[in-house]
Amino acid sequence: MLWYIGKRLLQSVLTLFIIITIVFSLLRLMPEEGYLGAAAEKMTPEQQEIILTNLGLRDPLLVQLGNFYMDLFKGELGTSVTYRTDVPVTTIISEKIMYSLLFGLGAVVMSLVIGVPLGILMAHMKGRWLDRLGTGYIVFVVAVPAAVYYIFIQMYVTDLFNLPLLFDEYNKMSWILPLTSMALAPTASYAMWMRRYMVDELNKDYIKLARAKGVKERTLMFRHVMRNAFIPMAQYLPATILFTITGSIYIESLYSIPGMGGLLVDAIQRQDNSVVQGLVLIFSSLGIIGLFLGDLAMALVDPRIKLGKGGSTR
Amino acid sequence: MRKLWLLLLATVTAFVLAACSDKGDGSSKDEVSEYRTVYSGEIKTLNYLKTAEANEFAMSANLIDGLIEYDQYGIVQPSLAEEWSANEDNTVWTFKLREGVKWVTHEGEEYADVVAQDFVEGLNYVLDAKNESSTAWIATVVKNGDAFYNGEITDFAEVGVKALDDYTLEYTMENPTPYFLSMLNYVCFFPVNGEFLAEKGDTFGTTKETTLYNGAFILDKFESQNERVLVKNESYWDKDNVYIDRIRYKYNKEALTVAPELFLRGEIDSAEIPTSVVDEWFNDEEKKSQLRQIRNNFYTYFYALNFNPQFDEEYEPQNWKVAVNNKNFRKSLYHALDRVSAMLTTEPFEPESLLNNTITPKNFVDVDGVDYTQLAPLADISNTDSFNSDLALEFKEKAMAELDGKATFPVKMVIPYNSGSPDWANRTQVVEQQLENLLGADYIDLIVEAGPSTGFLSEIRHPGKYALLEANWGPDYADPASYTDPFTEGGTYNKPELAEGYTDANGKSKYQNLVDAAKAEMDPAKRYELFAQAEAFLIEEAFVIPYAVGGTGYIASKLNPFEAQYSPFGVTLEKFKGQRLLEEPMSNEEFKEALAAWEQERTEALANAGE
Amino acid sequence: MSSKEVLLEVKGLNVTFGKGKSKFEAIRDVSFEIYKGETFGLVGESGSGKTTIGRSIMRINEVTGGEILFRGRPINGNIPKEWDREITQKIQMIFQDPMASLNERAKVDYVISEGLLNTKKFGNDAERMEKVRNALLEVGLLPEFASRFPHEFSGGQRQRIGIARALVMEPEFIIADEPISALDVSIRAQVLNLLSNLQKQNNLTYLFIAHDLSIVRFITDRTAVIYEGEIVELAPTEKLFSNPIHPYTRALISAVPEPNPYKERAKKVEIYNPAQHNYEKDRPSFVEIEDGHFVHANKEEISRYRTMYKIGV
Amino acid sequence: MGIYSEEISNISQKSNDNLFDFAIVDEKKAEQTGYSNYSYWRSTWQSFLKNRIAVFLLVVVGLIIAFVIIQPYLPYQKSPTEIYIDETTGSQARNIAPGSEFWFGTNSIGQDLWSRIWTGTRTSLFIGFVVAFAEVIVGISVGALWGFSRKLETPITQLYNIVENIPTTIVLILMSFILRPSISTIIIAMCITGWVEMARFIRNQIVILRDREYNLASKCLGTPSYRIILKNLLPYLISVIMLRMSLAIPFAIGAEVFLTYIGLGLPISEPSLGNLINEGRVLMMSPDLRYQLIFPSVVLSIITIAFYIIGNAFADAADPKNHV
């Protein structure tokens, strides 16, 4: 078990290393004008060159990479250049991460609270109106690009219920719409999973047997069906939670939530390499941790799987 | 078991929600004059010695005072300098500083006095290349500035700035600089407290705590992508002229989209109204009264004909080169461009008000109350619309006759735009259609191309990958020379020096010689006239097609723009000092009345100042 | 069994699966010879390794030790391409489950000519079609079936398609891996008869893998009994059934149900206990206890067997 | 007892000797009974036809595709890029509400929204199809190698872990930044990340299939690996591949909307659903102009939902288990 975790950790660190190196190199392909900002227009080429040199962009790529890893080793992510000049990346990210966490967790909790019971109900009433309604909702949310229905929600619902257009951390009402919008998609996928696994499970022979034996429907549902239906979900849950936490770029920008998603887009557009790097590090780590936790959860929930035998691929 | 789970989840949700919202209502606005707005362009630093971005200028303009300022008519007024003088040839400028001006911290505590040495420190920081200042190129106007920046000189004492005593400051110029005063409102000439700077080191200007203030406002809150709050500086030397107590900038990535709605809901006090929704505002009685034009700025827009075409072979750059070197061809384009139709995409109601017939816009400089654009050689151009379809077709005939056999028709013209700007894209489509319709598809074939949204200049304009390109330029100091930079040798625009048949005996282009002569002249009246001649030549030969001035669009705002300090240079236009919040936003009619009155008053004020 | 020409020889075969802790020895030191034209049976319970042996010969499973010779030439390890192609053609296999061993998404035509396509053993397409036709006829199916999909057939028909697939290659040696155990009882005989007839017609040699002793007795000439990866007894089939020596073989044979209920009831089933062997000091070996009858035993056991079953005296 | 005795007497009365003749087994006829005229694709299709909604949507999608192709050639169509001039004022016909002249109204510079929407739909569908196609090709190739070749398994798994963990957003944004905004850029950007899921999916399927007996049989016959993949494995995956492909189309269209939203999409001189929606989004707070957002959104939603449902219905139909 320990050996397995250790091996997986080592593998993850290696993967992370490669990812960061790739992103680091990719970022160096961006046009250099971005580093100079609006002033580029009026600077002489020599002046531009001096600034670029001072930013370390004239060093060989390997040296730049080396410096980055040296910093990382010390627990620093460097300082921002074009997002918040000279401010440590860790400071910038730590300002944003709380919002993303709150919204991400809020949305996950909301979608679990709504999505799982919805899926159970749908499975229970398979083929009836609730199931159809739920299926319609799932199809809509999964198929239509989020950007489109987010806009419509903001457009009509703010008017309808007189809710604030923008997020304001002091105004409770302003939390409602972004949270709800954000929860729509995960709610749909939880409901979809739950329904599918429940239906699969309900079709199995042991359920028929139990029914024939006269086991109460309630007991059947909660003891047998749900427990087994949860097993496949357990594997994906950590990953989806982390995915939601890393923030929704749309929601954050539509409602002005100062979270990490918006930060990522901004940082890339402003070519703030160190911030992008920092975010990639965090996102990728979260992704890898998610995978790992998923496998772990799977192993804990499912008695058939034992850790130790080979790595599992999703 | 399951109920427990749900209960737990519900509790967590409730807790999370409660925790986030418990901080209470932070905004109370009784009796304070508060100005609220949304923004989408984030500022990256408060370090005014480093930045060159408009958004950050807007911060430093209100947080830091420089030596001089302007009144609402654009006349220089004392600020931190109470009086000043220059020597005969405008190479040495001496300033007498105001006493008792304080540096304060973000909490409003006094930190130190503002003294002459602070200006020296500021310039030293800017000219030190390792600080990566983006405005150093302006500061190199002082003696040895460039040499120090490039590291040829290491002793800053040799640079042309000296604190003669605590309150006397002397600048020595590299060359005669009659317009030096107008440069002083640039952040690179702002003061900084040396001790504080040394103490903060690299963190200077990164947060509100690591910045010192001597301006009208102090930064109370600075959270990227969230909110910035400025509050009035109670220790400000001229605080009686600051009428707004608090300025709140709320971040919104979609500011452009939601700001109008927020304004209507009374959540903000100023919102730009995108062209696409202006109709709707004008059609609504209630909204209409809250909408007015934005005041023009000094950015000037023009279509540049490229003499160094480097675009893709498939579009025949050589053919374009032949065509563009024909004056009649250029003139046909010059007269064919219906600038009004292009402007309709951004200003559908009064497109003419933004058109500009010259490169230098009006109200920029004047000779004894006569505006530069009305000087003899330019007056004609300024007063007639370049669009003339008859003339255009006439020139087309001539060009086709002259170019017969030399160029292939239709001439392919690559006309790129920045894909980051939808307005630009729309305009380009309009121009393409309008020019082709007027001049005929047998004559020209415009190829609209989307350029990248970042690196547009280095991808498109600098390498010359265009035939016709909308370009703009903003002035740096109060002298027509400021508008010649794009077209003189070394400029990164359309390289008119490569035009064939315009080389003078000394090997330089005709335009270059005209500009050089003007630059050498020190008497303002003659100097400006020479510049006007050069500019008239540039337009007359149709190297460029002047198009418009900046400041397009409409705004709903509770600010009165005519109370604000006025000057094309530096950070002046961004200052809130002197402005009051109106009860009701100005309507467009009111705006026009006020504008007319202001122009009248300005002429008087300029004439008075001239005396 | 008229000629004693050895077609296939397995010498000291070892097959190991996995590595390290999870290492599992599927086959330990197995040797036997198959003569041309005979049907060689391989019996044992499931998991005993009989399929592994078949697959090792087919070169699906990697061999960890020993060698397999076809006509005296090794066929495993690094072998010349030419030889590789030849044995691919000469050695064919019939699979246990006709439901699983046919590609459901390909037409019978392709299924049968797949091998031909690989070896290019036909001049033109018409010739290939002709071969497919013949193969189908040979196994008693209509040639028109070539254009159908496997799932349109019953289990017995499918197995015949599987046989046709092997036959079309014109092999010398066929490994039949429990070819009838997945079939309906009613058609087992049909397939077995088909196999016998084909053997006579085409002069084939079979390695017949089975767990059902009665079938083995019916079809094979010689039989090897395999237990946990080792051959415990090998003898001409009749001899094996009439005079089984190894206690495992005896247990196996005694477990075969008798058709006669009176005899069945009177029958005493022997139970094999592997602990009965005492191999600590006296290592066992594969000994020819009488002509063509081999037993896996140590010296002590050999002598005991000789006296017990009165052989080879 | 009474009931049955009557039955029995009935039977005995009706019986005759013929009934006890031996039936002659006609081997040939017996063989023929094993035959059914089952065809995989026909059954799939028939099974698909049972899903009324999916069939309806398939017709809708078919009509839309046909329509966007022929639309420019129909009478009374306006140019998607021409800026129309209002006869009375002489200026651009801006923001004209839907009516008889401009069926879907005009946008803020006077371009006809009706033709822009169909041109945009054409562009978006084109992007969707190309991306889906490329994803399928690359995904299948990599997935097949990954699943089938034991040597390549570890390196590809590593590659997968890496590509999978670089946030897709970052790749999309970076690619659109590095390359010029154009249709091919968008397609490349989306393909770079898109194939990954497909490859993993194919790989998992192949791992499930590869050790089935019929593949061993092919190996015994000396069938080369490429043909085993091509003939033995991929035909089994065709239904799921079709499903993935039909889902890839709406996802690609959605990704285009996303890229446009963050300012990296197609230039607006090249209409696509993404930039039409983005153009319309600016107007969302003006009720009178919302039609500029609603029309493209509705068209986009219909297309994405249709592909989604069709894809799922097809996958269900393609599963032989559902062929009754």
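Each chain gets a letter, A, B, C and D, in the order it is written, and its residues are counted from 1.
We take it that a residue touches a chain if its C-beta (ideal position, glycine included) is under 8 Å from a C-beta of that chain, and two chains touch if they have at least 3 such contacts.
These figures come from a predicted structure and were not determined experimentally.
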Chain closest to the middle, measuring from C-alpha centroids that were averaged per chain: A
Maximum centroid distance from subunit B, chain identifier (CA atoms): C
Gap in Å, rounded to a whole number, between the CA centres of subunit D and subunit C: 48
Centroid distance [mean C-alpha coordinates] between subunit C and subunit B, Å: 90
Subunit A and subunit C: spacing of chain centres that average the CA atoms, whole Å: 56
Set of subunit B residues in contact with two or more other chains: 258, 261, 452, 454, 459
Sequence positions of subunit C contacting 2 or more other chains: none
Where subunit D touches two or more other chains, by residue: 177, 263, 281, 284-285
Those chain pairs that satisfy the touch definition: A-B, A-D, B-D, C-D
Of all residues in subunit B, those that touch subunit A in their complex: 1-2, 6, 9-10, 12-13, 16-17, 20-21, 23-27, 38, 42, 44-45, 47, 50-54, 129-130, 132, 134-137, 149-150, 202-207, 223-226, 250-254, 258, 261-262, 265, 267, 452, 454-455, 457-459, 476
Touching residues (chain side subunit D, partner subunit B) in the complex: 81-83, 91-92, 94-95, 107-109, 177, 180-182, 263-264, 266-270, 279, 281-286, 288-289
Contact footprint of subunit C on subunit D as seen in their complex: 27-28, 31-32, 34-36, 38-40, 212-214, 216-224, 227, 231-232, 235-236, 238, 320
Of subunit D, residues touching subunit A in the complex: 157-158, 161-162, 164-167, 169-170, 173-174, 177-178, 200, 204, 250, 253-254, 257-258, 261-263, 277, 281, 284-285, 290, 293, 297, 300-301, 304-305, 307-309
Parts of subunit B lying in touch with subunit D, wherever the complex brings them together: 256-258, 260-261, 274-277, 279-280, 283, 341, 344-345, 348, 417, 419-420, 422, 425-426, 428-430, 433, 448, 450-454, 459
